[in-house]
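Each of the next two complexes has subunit A plus one more chain, namely subunit B in the first and subunit C in the second.
Our next item is the complex of A and B:
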């Protein structure tokens, strides 16, 4: 009996250890993963992970806005698209350095985020969703008809990105580490933001806006900062996307992408930062897996999963895991 | 712009606008009574159009298809309301919006799966083919039919809301749901009825618009965005607002395409953003 109890205790210890360091374990696995590429797995998974890292960055910013701040944007693709197009134009006509594209994307998305954010945060809830949707449709329609960037056909011929230090970013494995690094940095910044006093105020606004205003905080300014942060995350991700694909089309502005961003956030678990990353990985992997034999109609399955999640687990995969582990103990 | 061209555009704008009234007003009533912004409204309308197309392909009479298709869509709406929306009424309205977005994805891709991506035309009844002469211009008979039919249906709907006991319950529900419930009226039944009726109206609009233009798997977004913008312009929950908004959209679409070709799609969003920034609650506040 005694030994059984000890075994159980050490099991619990292991579980606690795994739980505490799960983030680091996943990170180490991700760092080691490409070393096995070619032997264990094909390059297909490398590109799959790169896409997960890129969209993970979008979701980190989006989660600050929707998960923590409670502002559901239905047009977040506009910042992803702006980052992608600004990078594409800069890399093609100015310099192939990814830093130039990234700087341009950040400036463009910060300016756009300030102006559009200022106009949109005056409304809440569904009106906010519609306003952001309308603005993103402007961008979509504009880039769909602007012949300089190839209109509806998209813009090809973007050179391979350079990063300096004699590193070739055109190499997939190098790009894998580059985007993973960006994601880790982005996660660190986002975690710092939500743990700061500002992050607490943001959650407070979501829960009871009047009370926070009554405490003397400038609610509108906090919302604007959250909007700005999320648009910069979108811009950086768009920049990576353009650098990786060497091709951009108006699809990066499509409302369906904005919808998918919302779905990833909710499926993973809003307001947890980790949850949306899990949601991103889940949706992108599922999309790749299903669309190989269902083509576009795989979105039907995603829609069904989304409906089921809203009905039975509105706090997403994270909430589901929490309930399962709590039931276990 | 010559007078003939002006008249043609005016008629076409009113035609689109009046068909849009059916979608916008049902969207608005669903929001007003149930508090749900139904993003799947355009998808149900599209489903109605495709069902009508298949029925007519199976040699069903056009008029019969115009009755059967909305009945089927209404039945589907009953199931949707009972199984998915009902558990969410007590929760955050945003969750309901997310849910209807998921429903729109499911319905849209089911249509794509069963009917394919190619656009189709719905055969018009023989008696409504060819042009008709109005005040010196030739106008397609079917478009005139769409205009008159939707206008009459909208007036019937308005009389239903303004003159019948059911209409009184609906209007009262828009003002204060709890109070209506306190009078002993089962609001749950009212919700189900409103959602099914609204979806059936959307299906009717889908069939006649599909027969006027064409049907394709992307029409759901056009319809729901057109309807939503009309509702937002007019004021969420307001029937008169939805009528006004739908006519503004219809006219700006027909005149915009004439005066500013290639960029007419912008005009709708510009109107929406301008009105939302100027009057966040829309133009008309009364039912």
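Our next item is the complex of A and C:
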């Protein structure tokens, strides 16, 4: 009996250690992953992770807006798409530097986010979702027919991105580290934002908007800032996407992508930043795995999972994990 | 005058809820607005604090015309209200509720750069919690508090905003007699430092603590004066106390 107790104790210590440093452990694993030799690291997994990092950036911004601020946008792909197209155009016609594309994406999405956000945050709930959806459809239809960027065929011939410092960003492993680095920086910024004075007010707005206003906080301005931040995250992610794929098509503006962003946030666990990253990895991996033999119908599985999650774990994977670890302690 | 309304009216559709109200509050007093249900008391608060714009007429606060200003602007001027229906952040702890209210008065209240934990609001938050008597329950979620404590938390949050004028909307509604007594004591204590305007439908509750009473009926001011004057007023007795 005594030995059993000791084992249990050390097991608990182990779990506590894992829990405390889980973020760092995952990060170290991700850093080491491409270095591990042999067949394990096929190009397939590297490109899978790159997509997870890119969409993870979108989700960090989206979680500030929906998870913390409570504004459910159903058109968030419009900022991802804008970042992708702006980068594609700049890289093809101005400079292949990813920094030029990123700068352009940030400026374009900040301006777009300000204008569209200003118009959308006047409404709430379903109306907000519909308005953002309408704006994203406008972009989709526009880029679907604009011949300069290849209309529905998309835009090819984007050169390999350069990043300076003699680094070849065209190399997939290098791009892996570059996008991972952007994700880590993005996470750091997002974490700082949600812990800031602004972040506290944002959570208050989600819980009780009216009370926040009567305490003397400008709700509309806070909402606009949240919208703006999430737009910029979308733009940076779109930039990486264009730089990585060397090809963009109107699919980056498709409403289905907006829906997937929302599902990733909900499945992972809104308002936690980490949850949405887990949701992103989960959905992208599952999509890759299932669509290889189910093709389009894998979305049915995603839909079913979504329904199950809403019914049984509304706070997503993150909430599920919390409940499991709490039961242990 | 700290607060003044001039010919203040509010209609909802064809319904005139407030009609040509002239009210004035000097600094440092406790004034109560009484009247039966539907007299327009809460609507008056809503119009004064910027929840709705007035249909006509003006509201002046510290001499400035605040009619139609946004709620957060009015709040920042020092005119702060509580709500009749409990209105706290149920998923934040009691302490976090008060701390957020304290944060609303800082220059960097919505800073993206400044961590919320770095403001050093703990002392002020603790003082207010102690004053209201919520210190022992500060780490509970606000939603887990009893109804009476939630109402007290509501008052604590308004105090945290350093109000010049505090509007309390039926602060004792739904309370047990014991809680009501506590709340009345609390209000008297607060009135020593803050000008108060209180809504109550129970006349007896405010008789002893108010310097001035305003009586509303169907959106009209039917009487105004000291508690004794109002009590003697035949119109008040007829309309409000239901006497012939």
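To be clear about the criterion, the second predicted complex is superposed on the first by the 321 of 329 C-alpha atoms of A that agree within 3 Å, B and C clash if a C-alpha of one lies under 4 Å from a C-alpha of the other, contacts with A are read in each partner's own complex, and residues count from 1 in each chain.
Following the convention adopted for this analysis, contacts are C-beta pairs under 8 Å (C-beta built on N, C-alpha and C of every residue); 3 or more make two chains touch, one makes a residue touch a chain.
Only a predicted model underlies this, so the values are computations on that prediction, with no experimental measurement involved.
In the superposed model, A:29 makes contact with neither subunit B nor subunit C.
By the touch criterion defined above, A:123 reaches subunit B but does not reach subunit C.
Residue contacts after overlaying the shared chain place A:324 against neither subunit B nor subunit C. When the two complexes are overlaid on their common chain A, residue A:131 makes contact with subunit B while staying clear of subunit C.
Subunit A is touched at more residues by one of its partners, and among subunit B and subunit C that partner is B.
In the overlay built on the shared chain, the residue A:222 is in contact with subunit C alone; subunit B does not reach it. Touch criterion met: A:204 reaches subunit C, while subunit B stays clear of it. On subunit A, the patch touched by subunit B and the patch touched by subunit C do not overlap at any residue. Residue ranges of subunit A in contact with subunit C, taken from their complex: 192-193, 195-201, 203-204, 207-208, 210-211, 213-219, 221-222, 225. Residue ranges of subunit C in contact with subunit A, taken from their complex: 49, 70-72, 75-76, 80-81, 83, 87-92, 100-101, 103-106, 108-117, 119, 157, 161. Taken together, the subunit B residues at the contact with subunit A in this complex read 37, 84, 87-88, 91, 93-95, 97-99, 101-106, 108-110, 112-113, 221, 228, 232, 262-263, 265-266, 269, 272-273, 276-277, 280. Of all residues in subunit A, only 72, 119, 122-123, 125-127, 129-131, 134-135, 137-138, 141, 145, 255, 259, 262-263, 266, 296-300, 302-304, 306-307, 310-311, 314 touch subunit B in the complex they form.
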